[in-house]
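Two complexes, one shared chain (subunit A), two partners (subunit B, subunit C).
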Partner chain A sequence: MHTPGRHGPSTLVFLLPWLLTFGIFALYPLADSFWVSFTRYNPIQGPPVFIGLDNYARLLRDPIFWTSLRNTLIFVVGTIPLTTVGALLVALALNRHLPMKALFRAAWFMPTIVSMVVISLVFKNFYSPFGFLNAILSLLGLPGHAWLQDPDTALGAIMLMDVWAAVGYYAVIFLAGLQAIPAELYEAAALDGGSGWRKHWHITLPLLRSTMLFILVINTIRSFQVFIEIFVMTRGGPLDSTLTTVYYLYDRAFNSFELGYASALAWALFAVTLGASLVYVRVLKDRGAA
Partner chain B sequence: MIGKIMRTMSWLLLLPAVTGVFGCSGGSTPAGPITVHFWQFWEADVVGPILTRFEAENPGIKVQMKQLTWQNGREEILAAVAANTAPDLCELGSTWFGRFAADGALADISAETDSLRARLRQWEAAMHNGRVYGVPWVLGTRAVFYNKRLFREAGLNPDLSPPDTWPRLMEAASKIHKPDAGTYGFGRNSGERYVLFKKFMPLAWSNGGDVLSADGLQSVFNSTENLEALKFWLSLKSVSLTERQDQIDQAFKQERIGIIQSGAWLFKTLPTDAPKLEYGVCRMPRPDGNNRVNRSFGGGEILVIFKNSPRREAALKLAAFLARGDNALALCRVAKSVQPAAVGMENDDYYQANPGERTFVEQLTTAVFPPNDPSWQEMENAVENWVEKAMFEKVTAEKALEEADQEIVALLHARIP
Partner chain C sequence: MSSRMVGARDRGHWLIVIGLSIGLVTMLLPLVWMVGTSLKAVGAGLGGLSDLLPWPVSLKNYRDILASGPFGRYFLNSAVVAIVVVAGNILFSAMVGYAFARRRFVGKGPLWWGLLATLMVPKQVTMIPIYVLTAKLHLINTYTALIAPFLVDAFNVFLMRSYIEQLPHDLEEAARVDGASEWRIFFNVVFPLTRPALAVVGINTFLVNWNNFLYPLILTNSDSMRTLPVGLALYAQGENSVSWGHLMAGSCLSTLPILVVFVIFQRHIIEGITAGAGK
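Here is the complex of A and B:
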């Protein structure tokens, strides 16, 4: 086998740095963790021992895994619609001729350039019993609440923070999509007497479909991997109410040294994420064909 | 994904060896001075001077120190062991020690530490199956901090009746507790792992309860003593702010809480964060009468030598030097959060001059150090989960003890092949 003539060996040379790093830092570790997921592996005790599907069988029987998956799904299903709709609205607003448009754009984008650890620390105090949120509530004469201490509100509080932090980033992507829509289409619609909302419904949304698909898939993958927020703010508590699958697999790996089981958890989560992404592609593609 | 991290780490470690960048730091240089690789968690400017002194006293030995973080230090150690690049000497928290010792990663130094035996305390924390696998360096415990001003405002005399018994704690907390005015009687932990255990179990231990039997083979968690302790802990709800430790500490600094259980780390931040706060320190509360003892949770930092270290003798020398009373105290005076494992330090001028910190040294003498059981962390999880469920009223106190007991029994059984 040799490289086809029209690409030539120089193509390979230029691609090599990326191919090498991809191979070493992504492909090899992925393959390795797949193998480890079929083993019992505690590095202190020695090399991995093959145990077949035991880790996957254990996972199906592990109530904490199911709790973590349920929490993760709540997180995904709860944040994605809010983030997507929020980002779209922000993008539509920023796409108009607003005064101080640059300031608003920067303000919305700000959380994206701040580390999630920092955001989490800030919100940890924001939600604390003596924090800003309770201070506002008490000014309004409302009772305060220990937001991150109550199993019924902790996950929701983290989800809202995440929506706030993510909206700006996806709004910028929507904005790019909006600006790619030819202005003639709106002019034609205006000539035909189309109202503002009908223009959005019949022109903006259909033409944003590929942007939307991109955002949904990326955001879904990211949301399934929620970890930093949990690590910084709650460590899975109270009562496992914020225990997500990635936090759980981290706990198994580095508190219990069960790297084999942790890898199996990671691959199970991968399967769930892949499934969700395929559903999006399917649904949005079908709409496109209709 | 984890395998990914591990292998990535090992690749990263391999690269310099291939390129020869760090070719000389590998340590296979018999002619020159021996370089001991030492990983630890304290600030470099605290430990640095102690290491400089060691190098001056031991001209043949150089120390290459690496500072780990509490956030991911354990991952780094684990990755290093997996990649066979573990340091010679390493600091391990006593709660981690059991796993590393049970898994056979550590060198048995029973014979070499004979001469140190009488000079340091808490060897149990550095032992596994009757053998010594580490040198106790510094120890830590929890005690009670209370706000004297809030005591006086509630009509109590903080000096005559410190909250070191259950009735006194309850009385003081009840009188101070005015949540509508933003003042709470007591700070009760919840909502984070590996903390609640250290706050609840002292009550159980002080009441004569425990998790495992003395031989470590049976669960004794479902006992009357523990039930009384749990019921007392639950009854504190009406006079408490239930929060995470950092929030409780912060509220104490803001004079919003009368009584908290916390660690000696507060001595470092109280003078700057709350210079006006007038506080007292006493031992963890015990029930009245029956010769009950004020017990607390004890933990420590153990210096271990990894089994494959070729520089065992030099590493051991460094461990003995670090654990020596004066050197350990030099660390503790700055770090504040821990006290030396060296015996007799409570009589040192430093602790005589700082009564709050002396209380911690005294509390250490009656602290309970969890056994070095390889499943200990899981057992601790079981206790925390069920106690927390009882705190959120998902189960009764009786049921919580019963369920936690069953989980602990299952963990003990899983061990028998």
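Here is the complex of A and C:
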């Protein structure tokens, strides 16, 4: 044990790289963004002008904001259960002794390392009227469709793409959780005559609770931020049917330079995201304590 | 165990293999299509199933985009940014992680909570002030703007602190008794020991940074400073003259470094992803 402060001065040097980036790229922007959300601010016209809660009042009355929030919620609520259940099934399958296991795992994981821009470009073509999906449908004798040009199907098509792209990532996390479960528990269950699905319901799921919580929280934070897909594939259209909140605030900030209003949108979305995360923690933690 | 039960179990086993195989095809099909389209001779019919296995195979799309300027430049920009950001994270996350793991200092607790809190803050909240600050400092369209915000990633510091904390103290104490300076102890004793964790940090930082989109999009506006993902996305929006062959050749080129890293370091990538789940 050495006395505290013996090598005091050099500690600052070790911390300095992070202190600088933390201050410049986290603390300052957080404080500034909060302040700017109470101002009218177009950098071309001049410095921010304090307008109190006007931006937040405008947001509550802005039908486009509500449309964007609704689309974002549909995206979150639609993709997360599919992705989570899909990832769990894939992980359960990959956790068995299988031929070519490494190949299967690598293939499922592949899409998650490819950039979302590239994935979105591929699927933009895939869903286009003369694209791959319609070609397959016509082989099966089914009619084609302009998936991304129809307000009724555009958001759903993007959501399915996202599930495709994300399943492998969460499967890998579930797989790590599964491998941490002691095999004896299953052996004991087998002796008691527990069948495959009952075994998973009574042993696997309860023991995966913390993994599940982690997956739900990070997937929720990510899904609320959906942006690249929209930017590349639809730019929010047709008829705002794929307009998500981050895309809307990007549009306000960088196409109309309404930085004050865009900041208020950012904080509103942050509050919604935080609320959703707290709900998971409540639900899954309480069960865990019982 | 009766033979009937074994039979049922075998059948379940094969159903899973078949299910996974269908999944495998679904996972790889869009990526095969991407490669197929990039290898298509210009003028060959576009669209439909023939995109998967084009014949004759042609490298013209690749020659075109490499000769036409911007793609080569995008690639260079992405490479410069990724290399500097990876190097910075390897050095700095070890330094900061070491300070949090081994040193006592004023405000350590609150600072650590501050670091963890940054993991929760979404980019959409901080991007506007960072854009304004960058513009005020006249750093739009510079490598500085593309690199500085990502030099010390909080998650990497988190990983390094956990790793360094579980290293034995003996070697550091021995070096200290021998009169080694604090810098020597860090660079010659601790840093080499953290190599396995630094591999995870380096590889995952590369993957994330190579695919980074939002900040590079708002912090650049000249074609010569775009990175690959931003360049590709904006090229696709030039509605009149989008050539899918060119676009997919660019997509393949931008995916190639990632694929190489993935094939070589798959284990490290998975370690990096699952490290967070253990919290």
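Everything that follows uses one rule, which is that the second predicted complex is superposed on the first by the 273 of 290 C-alpha atoms of A that agree within 3 Å, B and C clash if a C-alpha of one lies under 4 Å from a C-alpha of the other, contacts with A are read in each partner's own complex, and residues count from 1 in each chain.
Operating definition for what follows: a contact is a pair of C-beta atoms (placed from the backbone, for glycine too) under 8 Å apart; a residue touches a chain by one contact, two chains touch by 3 or more.
Computed from a predicted model, the values in this text were never measured in an experiment.
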{"item": "Touching partner for A:Phe130 - first (subunit B), second (subunit C), both, neither", "value": "both"}
{"item": "Touching partner for A:Val36 - first (subunit B), second (subunit C), both, neither", "value": "both"}
{"item": "Per-residue contact with subunit A, leading partner among subunit C and subunit B", "value": "C"}
{"item": "Which superposed partner A:Thr273 touches (first subunit B, second subunit C, both, neither)", "value": "second"}
{"item": "Partner chain(s) touched by A:His202 [first = subunit B, second = subunit C, both, neither]", "value": "neither"}
{"item": "Touched partner set for A:Phe214, first subunit B, second subunit C, both or neither", "value": "second"}
{"item": "Partner chain in contact with A:Tyr28 - subunit B first, subunit C second, else both or neither", "value": "both"}
{"item": "Touched partner set for A:Val90, first subunit B, second subunit C, both or neither", "value": "second"}
{"item": "Partner chain(s) touched by A:Arg282 [first = subunit B, second = subunit C, both, neither]", "value": "neither"}
{"item": "Partner chain in contact with A:Ala253 - subunit B first, subunit C second, else both or neither", "value": "both"}
{"item": "Interface residues of subunit A shared between complexes with subunit B and subunit C", "value": "24-25, 28-30, 32-33, 36, 43, 128, 130, 235, 249-250, 253-254, 259, 262-263, 266"}
{"item": "Contact footprint of subunit A on subunit B as seen in their complex", "value": "1-8, 11, 74-75, 78-79, 81-82, 99-100, 103-105, 182, 190-193, 241-244, 247, 250-251, 254, 256, 377-378, 385, 388-389, 392, 394"}
{"item": "Subunit C contact footprint on subunit A (complex, rising order)", "value": "2, 4-5, 7-8, 10-12, 14-15, 17-18, 21-22, 24-30, 32-33, 36, 43, 90, 93-94, 96, 98-99, 103-104, 106-111, 113-126, 128, 130-132, 135-136, 139, 164, 168-169, 172-173, 176-177, 196, 210-211, 214-215, 218, 221, 224-225, 227-228, 231-232, 235, 246, 249-250, 253-254, 259, 262-263, 266-267, 269-270, 273-274"}
{"item": "Touching residues on subunit A, where the partner in the complex is subunit B", "value": "24-25, 28-30, 32-33, 35-37, 41-45, 128-130, 146, 148-149, 151, 154, 234-240, 249-250, 253-257, 259, 262-263, 266"}
{"item": "Subunit C residues within the subunit A interface of the complex", "value": "12-13, 16-17, 19-20, 23-24, 26-28, 30-31, 33-34, 37, 46-49, 51, 88, 91-92, 95-96, 98-99, 103-105, 111, 114-115, 118, 120-133, 135, 148-149, 151-152, 154, 157, 176, 182-183, 186, 207, 210-211, 213-214, 217-218, 228-230, 232-233, 236-237, 244, 247-248, 251, 254-255, 258-259, 262, 266, 269-270, 273-274, 276-277, 279"}
